[in-house]
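Quick heads-up: structures coming right below.
The following pair of complexes shares a single chain, chain A, combined with chain B in the former and chain C in the latter.
Now for the complex of A and B:
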């Protein structure tokens, strides 16, 4: 499909996307986490762009970070220090895990970018005071963006931006739902490209491409095959090869709670008199990250319901090495899923090192096992 | 040999990182096995080990109606009817040899695995080492070289230790330099080797504990031939390991059993 190929081509080199956006001219604000309020960045006239780990060897970042920091944090810093992110005009760090917070400090002191912001979100999300606090934090971030943009962000700007991102979210959710209804309707690597592309490309272009893909996928039917339905749980996955390896083993991903997947686009921003309150409401109510707290069992309940809703045969925990928040939650999540009679597999990944042989053995055995 | 009998011979080929193994089963009984070094060319190793096995059994390729390949080089055996992982094949192989087996510890050249089987011989759970040679055959090979001991003598040396030493490094490279320091410190070779076995056994025991291994446990893979390593593992796990004659070929045997069910 032509529209899918546009996504696949675009993600091959993010710097090309960046240079096109900069030629408009438009400034680019990078972010590492799905709690970044993209709608605000976009409403200020900037382009919000998700940053992923480096595929290059970590050399310069070693001077700033310990070896026990995850590959995302080390990789993004490496790309920044070696100039591969020179297209950035600024970066925003929402308050999440310790490693990203410390990266924020190093970034502020070593980055050569015009704009920098820490968005110190609440850690506990299920209280009324958290709601008030979240709104205040977003207002403060809005003011910082206004200073950088040298203009006021109006409610009209915000609602236009919200509509745009809601539209992208709705269409991505539809594509996921179609894959779950008709597993195999889209290749895992293509699905990966669409989601990743939506995080880096121009939202206007993404908004035009996605509905065409949805319409085309709705028309297609796939022959019923004996595939194993897999739900993936974890933080980030920046490797299409993982989807391909799982498919080669006979599994299809029908849902996920990844920060670079459903967790990023799940839930639309509700109608509210105040757009900032509306943005805050979505951030507070969507699937939570393990660095945040909603209730002691919020993530477990969410994962069980995700697995059940998608009739998952198995759940694969895809954790980034040295990601403490996810590793901390893993035992109880595994227990919650296995209590439902669903088998699990744990894969620990590192963006710079992947052993495809071992991965294939693990996936093939797991698929046979379930 | 009549056609009916010919139809009942099945082959399994296990291309490991160090050795390539092949097995034939006939009427649900083990007919023959063969082991060669894999070398740098897994495609050629698959062909060679299979040809040698056919010669040994005095049969030809057309007598074998189905072949299953396994091991890290399973995809390079183009003449196999199906490729299955070594975890599935070791499970099937162990169950074929002894259907009572519920736990398997398979230590090969580059991977070590702990496998749980259910009463039907199906894999219930597994754990695998994580891209690190610690606790694998390769670790023992590196150490044997540093100590100038033949790999197949490592086990006996280890059993004759009077005061086993402790290797504290997990990493193979660091452990090797630790061993070299011990050699320089004129420590007894037997004691160093016992330390090496215990260090490797500790890594493998972590995998077994991860899946809460169930008795009876069989040890398979090339490293099962090393008696010192078996003893160190038994001590670490507090149980007796069942080691059969064809432990190294167990994956290939399992693959042959699975070929008979295609």
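Now for the complex of A and C:
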């Protein structure tokens, strides 16, 4: 499909995407976490771009972060220090895990971009005071953006931006729903490209492409095959090979609990009199990340319901090596899923070390088992 | 530390301290029989409201340190790994989680909590760790969310944390079915404040040359300011300890014989190698005179209002050493280097503690730029001995001390 190819091509080189955006001209604000309020960045007239590691060899970041730091944090720092992110005009760090928290300091202290902001979000999301604080923090970020943009962000700007991102999110949800209804309707690697592309490409372009893809997918049918339905859980998954290897083994991803997946796009921003309150509401109520707290059992309940809703045969935990929040949740989530009679598999990933041969074998064994 | 020291160098108060800690743990272990409630609380959490409510605070991190010091860490860490917890996770958390289940460790496990109080001013690890314990013990969990002050303590952070102090009190009222006694809280607050001041003074005595105690002693004497802050016991003890230190200064008793070099330690102690490290450094006539860890329990005292403890608590608990930006941490390290007149900085790159360890390399660079004292980084873990390579560390310390000697002679 032509539209899907556009995504596949685009994500091959973010610097090309960046130079197109900059030519408009538009400034680019990078971020590493799905709690970044993109709607605000976009409303200020900037382009919000999720940062991934280019997975280059760690050389300069060695001088700042020990080897027991996750490969995402080390990799993105490496990209920045070695100039691969020179297209950035700024970055924003929403508060997430301890590693990103310190990356923010290191980034600021060694900073070379015009704009820098910490958005110190609450870590607990289930109280009224956290709700108020969330709104305060977003308002403060809005002011910082206004200074950078040298203009006011109006409510109209915000609602337009919210609508755009809601639209993108809704369409991504539809594509996921279609894949769950008709597994195999879209190749895993293509799905990956669409989601990743949506996080880095121009939202206007994404907003045009997605509905066409949805319409096309609605028309297609796939022959009923005996596939194993898989739900993936973890932080980021930035490797199309994983999707391909899983498919080769006979499994299809029908849902995910990833911050580069459904955790990022599920849930619309509600209508509210005040757009900032509305953005805050979504951040508070969306599928929770393990670095945040809603209740001791929120994540388990979420994942079980996601797996059941998608009739998953298996759940694969894809954890990034040295990622604390996810590693702490793993034994509990595994138990919760297995209690439902669903099998699980743990894959530990590291951007710097990938062993696709071994991965293929592990997937095959797992798929045969379920 | 003082075990094998000649009699005159031994710190006399150590015995008293052991007795107090034994009584404290006995009280905690028998809380149920005595109809008292137990709350588990993170090391950086506000304990004063618990003391005011007559709830016994128990610190899994202090317990973790005991596990480390009694060299039981490896076994408990492995047990946690068998339960599915990655070996890359904080070893305090790993040992505590497995200890709850297997009832291991020097005490045969901690007394079961009636409630959990988790303050994330030290890390995000405690958030996950306390969620796990909340599920395991099925008890109420209160989270005090203290947003990190990368560059500032902002008005919105102040409001948020202050509101949570009231929520904390309401939580305690609900779970004890007792009214909160604000007058008692004020008294407890004063005691906590006084003990912190005294603790700071104890730590300050090591600015004297030669130093009457070392950071290894501070690691030991820290336990009371953590666990019994807000009680008369802590105040009395630290007053006595301070007197002893002043006495030692007057009579010229140093902890390290022939102290020639003075070093600053960064990060948590390596609990299972305290003795070895202490002997290693004193063998080079070097004394670790201070550290960034033990001072964390008095570092925010400037934000505390003794006469309005409850209101000032929000700021004091939010702006602690680990909850600020790396550049501010570097400033504090520089201040300490100056105050203690340190000849070198020893950084423990602690695999367990990411918020403490990430940023250390930038602090190292800043210290080198601004002071040109030698800095060494040792890779280890505070409780899990498996990442400690003695021969490698020994070679590095020897080389580091050579540089210091050359610079100072």
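Convention: the second predicted complex is superposed on the first by the 370 of 370 C-alpha atoms of A that agree within 3 Å, B and C clash if a C-alpha of one lies under 4 Å from a C-alpha of the other, contacts with A are read in each partner's own complex, and residues count from 1 in each chain.
Going forward, contacts are C-beta pairs under 8 Å (C-beta built on N, C-alpha and C of every residue); 3 or more make two chains touch, one makes a residue touch a chain.
All values derive from a computational prediction rather than experimental measurement.
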item	value
Touch count on chain A, higher of chain B and chain C	C
Touching partner for A:214 - first (chain B), second (chain C), both, neither	neither
Partner chain in contact with A:123 - chain B first, chain C second, else both or neither	second
First (chain B), second (chain C), both or neither touched by A:361	first
Partner chain(s) touched by A:369 [first = chain B, second = chain C, both, neither]	first
Which superposed partner A:145 touches (first chain B, second chain C, both, neither)	neither
Overlap of chain C and chain B interfaces on chain A (superposed complexes)	none
Chain B-touching residues of chain A, taken from the complex the two chains share	348, 353, 355, 357-358, 360-362, 364-365, 368-369
Complex interface listing, chain C residues touching chain A	83-86, 88-90, 93, 120, 123-125, 127-129, 131-132, 134-135, 141, 143, 145, 147-148, 150-151, 154, 156-157, 159-160, 163-164, 167, 325-327, 349, 351, 354-355, 357-362, 365, 379
Chain A-facing residues of chain B, complex	72, 84-88, 111, 122-126, 128, 130-131
Interface residues, chain A side, partner chain C - complex	63-66, 68-69, 95, 97-99, 101-106, 108-110, 118, 120-124, 127, 129-130, 132-133, 136-137, 140, 290-291, 293, 296-297, 319, 321-322, 324-325, 327-332, 334
